[in-house]
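Each chain carries a letter (A, B, C and D) given by its place in the written order, and its residues are counted from 1.
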Amino acid sequence: DAVKPSAYGASTAGKPLDIISLDRLDTAVQEVIPEAGYQFVSGAAGDEWTLRENRRAFDDFRIEPKRLRGVSSDVDLSIDLLGQTLPFPIFTAPMGAHGMVHEEAEVATARGTGMAGTLYCSSGASHRTLEEIAEATQGPKWFQLYWNNDIEVTKSLLKRAKDAGYSAIVLTADALGPGMPDDFKAMGAPFRQDMVFGNHDPERGGSGNFFDQKVDLDLDAIKFIKDQTGLPVVVKGLLRGDDADRCIGAGADAIQVSNHGGRQIDGVPASIAALPDVAHAVNGRVPVILDSGVRRGIDVIRALAMGANAVAVGRPVMYGLGLGGAQGVQSVLEHLGQDLRSAMLLTGAAKLSDLDPSYINLVGPSAEANRS
Amino acid sequence: DAVKPSAYGASTAGKPLDIISLDRLDTAVQEVIPEAGYQFVSGAAGDEWTLRENRRAFDDFRIEPKRLRGVSSDVDLSIDLLGQTLPFPIFTAPMGAHGMVHEEAEVATARGTGMAGTLYCSSGASHRTLEEIAEATQGPKWFQLYWNNDIEVTKSLLKRAKDAGYSAIVLTADALGPGMPDDFKAMGAPFRQDMVFGNHDPERGGSGNFFDQKVDLDLDAIKFIKDQTGLPVVVKGLLRGDDADRCIGAGADAIQVSNHGGRQIDGVPASIAALPDVAHAVNGRVPVILDSGVRRGIDVIRALAMGANAVAVGRPVMYGLGLGGAQGVQSVLEHLGQDLRSAMLLTGAAKLSDLDPSYINLVGPSAEANRS
Amino acid sequence: DAVKPSAYGASTAGKPLDIISLDRLDTAVQEVIPEAGYQFVSGAAGDEWTLRENRRAFDDFRIEPKRLRGVSSDVDLSIDLLGQTLPFPIFTAPMGAHGMVHEEAEVATARGTGMAGTLYCSSGASHRTLEEIAEATQGPKWFQLYWNNDIEVTKSLLKRAKDAGYSAIVLTADALGPGMPDDFKAMGAPFRQDMVFGNHDPERGGSGNFFDQKVDLDLDAIKFIKDQTGLPVVVKGLLRGDDADRCIGAGADAIQVSNHGGRQIDGVPASIAALPDVAHAVNGRVPVILDSGVRRGIDVIRALAMGANAVAVGRPVMYGLGLGGAQGVQSVLEHLGQDLRSAMLLTGAAKLSDLDPSYINLVGPSAEANRS
Amino acid sequence: DAVKPSAYGASTAGKPLDIISLDRLDTAVQEVIPEAGYQFVSGAAGDEWTLRENRRAFDDFRIEPKRLRGVSSDVDLSIDLLGQTLPFPIFTAPMGAHGMVHEEAEVATARGTGMAGTLYCSSGASHRTLEEIAEATQGPKWFQLYWNNDIEVTKSLLKRAKDAGYSAIVLTADALGPGMPDDFKAMGAPFRQDMVFGNHDPERGGSGNFFDQKVDLDLDAIKFIKDQTGLPVVVKGLLRGDDADRCIGAGADAIQVSNHGGRQIDGVPASIAALPDVAHAVNGRVPVILDSGVRRGIDVIRALAMGANAVAVGRPVMYGLGLGGAQGVQSVLEHLGQDLRSAMLLTGAAKLSDLDPSYINLVGPSAEANRS
């Protein structure tokens, strides 16, 4: 792809990043992408209490490192996730409308994720088509479905995803609204006018109206997707143990603990605070994934110690996209992998499977929330 | 009413508002109303700890949304409250002296509330007369009584309220002082000199001195009002379960949990923090209403899940009045109703009666305060 | 006294104050007294954690007001304290070196306290002599002793105090250092050079070196004072129930819970946080007094509800002294008395003896600290 | 040593300091040392949560002073630590690369520590050689080892340390990475180019590559050091009781509770928060030392009351070095000793061995973390 600037003015960058910390990308990216894109990506619902809590709650999970255990720095960080091998338990969370950040949109994000060798989860709200995105990455890929009220549109999306090589379908259970931050709303919700939702673009093989989404989904959706595709189903957006249990009973192959980065509803717990209850309910029957707030290797440690098998990362990947295109995305994911490697050594864990609650001293509101 | 500017300079606005969030009205209104009006309305007693706590404590009530439950977005939000139907469980709290904000004063607030189809609770400390206010709204209306030491004045107020069509009397149990914020006091308490308390204005059929209020009220007041009017009595301003129980025993038809927006005494708990104890004591015998701090749909969810039947809203309605007159008031109430609708969907509650404590994970000081 | 300005430049004000809140005096006084005086009075030990905690901890004591109890506003606030009648349970705490604030020094503070009709506790570290101070007030008075290593000096102080009409001796158990805030130290500890400790001034009948204080006091000190003077002994500066118990066993006639306004040692609990444990140990055997942090009527309510019989107030009295001399002191004490009256009404307590822990919902660190 | 300025521009100061508090040195030192040195010393890992928590957590340990116990101010503060007598239970923690702060580097720090009569713990990452450092101090000294992958280098370091008169070896169990703050990394990690790690400098009798450190150490390291040197071994960097127990079982002669000043891994508990669990596990079998966050005499009190025998101090010593060279270091240590003396008196403890948990009311997250 040749990357050309648009009237909107998203980033056209393409370069590897020298990353100090993912937090610092937040400031840096504001200088290279339009304010609209930044507000759309960085903001969250309501007063953004959940957005802040997604970070704060990690502090409740105090790491109690084990010392003089003969732990070396060449830990094998790779995992198997629903049949796919990832180089580290970190992948790209589904996010919509990457064109708000970079002119190449999801094609660059997917390519960069593949360059890092890890999983790309393609949002149903992408600017580019799922086929273009699938082609862009050499790595594993999942497709996240927004269920359309027109069942033929939904079936078509599922068929296209399977045909394009996606290996699992992510059923997002919490994306029931526009996910629009107040600051973005206050700007007049200035979405790009020159990009549409690729998967629904008649000129690119799509159909249906993206916004005509079914909100009153129930557990039957899981079986329907499995029947249509034969693929494993990941249910994303759960914050309760009983919901996880119900979904597994209905056939879910993995559970993703998520509050959608705080973008859908404010006032719900941090994902990490909800993890212990969910992990306890899942009890190892299926993999557990966590997103919303992961920024450091120590955050991955905390999530894995409390029962997650992998974590997904959103906003930092978008900032990497803005600052460096596909190479920036690769830099972000590899930086976090490397940071996890250091954190393993400093935590005194020789392999991922060693991580368990004995490494964590849980205090504060997150401890209180998980007392029965 | 033709709205004319005064020497005082209150707002004369009359227009619908495009509302991002009720919190943002606080800043906007400061540009269109006199400083005196803003300080009078926005401030609270003492160090304003309770004022801040009225907002903070909602964060202790973490919403744990239920997913894939087949919840649709066309929830019926209407409720029946003491025989009146409201389009949503949200109404206008009694507040005095609207002329500090808008030249039309309570007539505009009542009209706007009626335009939104919901309940207007008329304060005994209104600038306009209760009859003018009653006439201004097409919706249901309650009258809030300040008990006068001259029992004939009190009787007259009750009779006038009944005659004007008010369908319930609100006995405010906590308004025992002037409710004057320190910042307003520091300005010299600059009330309008060109407006008096309408209900006591001899020129408009009133009598008595508004300030000659009886403070040593007891439970007998409830029966007295019922005898005089035959109307249901709402006791407003309770923060204790035992007080609610006593009032119901004395004939109260509804209980309003309130700390008067923090305006009367500082250092008392947030209303939402007091709700669980009160709801437990009431145990469904009469409706429970909550005010003080409600700003978002998720706040209504929290209150209803913990046992409230409806919420009343104060300052945001005043800011809507300042920014848009009657239409501004309508915008505020309808915005909050719409925000509740979204919040129901995102919480995974199909109808209001589904809301119960299983949706809430209560932590922090509010949890501690409700442990017996 | 004619009040003349000095080279040091302390206040010479003499006027009643129109007080919005005692907190606001802190800002106002900075404009009328030398920086040295302000830093000396306002600061505290170390990082001033205890100073801040003295205020914050009151918020842990949430007032749960009782409603519709027939409480009127003409509450009798007077108390009897060791045989003296006070118009309200509030008096002036012992503080040294008032000349840092006002040219009349303690003579004005004592006179103002007497004009308010309440108790003046004279610090052993006064600039004026205990006799001058005794003469200045029409009200009750206590003398606070700094025990001198020269036992004859100590005996002389006790005899002079008795002769001058002081009705109790306060044994300060926690003033073991200079009580010098870091900011004041950083200024070079600029005490006035033109004023000395009056009680030790040979020209005014004094003897001994004020700084030659005995620090290794033990319980025998209580009996010694009683033997020398026949007066009741108040032990001030306790934060532990077991210390209170020991002191009562050794003859103490009252216990003053105090951390010396945070001036002696940082990192100790707020006085109000220590009160429940001390009150439980005292169990009504002797009166309990609390100082350190009282600024509002609601603070007095909290202290009395948790077992105090009276409160002492320090810095606000000094700020009243700076802003208005004797009349300023009177204004401060009467303002707080009036604020207590309003708080009683709003709390729903008909008389001081009604106040008990049923009015308080104790949460947070102060609750945690008082769990056994 | 003649101290000459370098192109780098570290401090050449040599003077005693008039210290108000150790916290204030942080600001002062920024004016006399290069930004690189300040960022390197003052910063910590990640978001610096642990760095902040190292200070905040001390507030959870509330001192409950005992009064009227006959405690005098001439307390004997001296201790015996592994056969060495210190004038107070405070010594200099091992820190690397003092040339980032002062041109004399560790020679000045060691000399100043010796002038204060207390223990200097020499970091393996010193700019000067261990022999130069040993010669510089008249006081006791320990050597902290970074274990080299080349076992001959490790053996050589141990032999040289013993030959130079170091009386114990500190095995740092937590220094597994570069300990580089994000802000310093963001500057490009501008270490001095004109100074190397002295102990590995071939021109000064050294060998090996400092950075070739063994990370997968286990308990055998303890016995190895003892066999090589016959000296006692201090294991530094533990935060868990079970680790302390394991190390004592493997022959450790002392345990140093430390999170390396927050420099290695963020998100781990404050040292003081980890102390109760470790002290309980050690149960008096060997001395316990605490570092990370000690700034005041009251902090020493808290650590000793909860089971520590001594504390080590890092950054303030470095700031003393920058501001005053050897004499500045002496000032820092003596100031803290003097501050401890005052704190003992104000706490009501007659001797160090009186300090026990009865002086502490433990609340907040540190209390929660130590509940089993």
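By our rule, a contact is a pair of C-beta atoms (placed from the backbone, for glycine too) under 8 Å apart; a residue touches a chain by one contact, two chains touch by 3 or more.
The structure presented is a predicted model; accordingly, all values stated were derived computationally and were not measured.
Visitor: What's the farthest chain from chain B if centres are computed as the mean of the Cα atoms?
Guide: Farthest from chain B by mean C-alpha position: D.
Visitor: To bring chain A onto chain D by a C-alpha fit, how many degrees must it turn, rounded to the nearest 5?
Guide: Between chain A and chain D, the superposition angle is 90 degrees.
Visitor: With centres defined as the mean C-alpha position, give me the chain A-chain B separation in Å.
Guide: Chain centroid spacing, chain A to chain B, equals 42 Å.
Visitor: In chain A, which residues are in touch with two or more of the other chains?
Guide: none
Visitor: Could you run through all the chain pairs that touch each other?
Guide: The complete list of chain pairs in contact reads A-B, A-D, B-C, C-D.
Visitor: Quick check on the complex: what are the chain B residues that touch chain A?
Guide: So the residues of chain B in touch with chain A come to 20-21, 23-24, 58-59, 61-73, 296, 298, 302, 342-343, 345-347, 361, 363-364, 367.
Visitor: In their complex, what parts of chain D are in touch with chain A?
Guide: 46-47, 49, 173-174, 176-177, 182, 185-186, 215-219, 221-222, 235, 237-240, 243, 246-247, 264-269, 274, 365, 368-369
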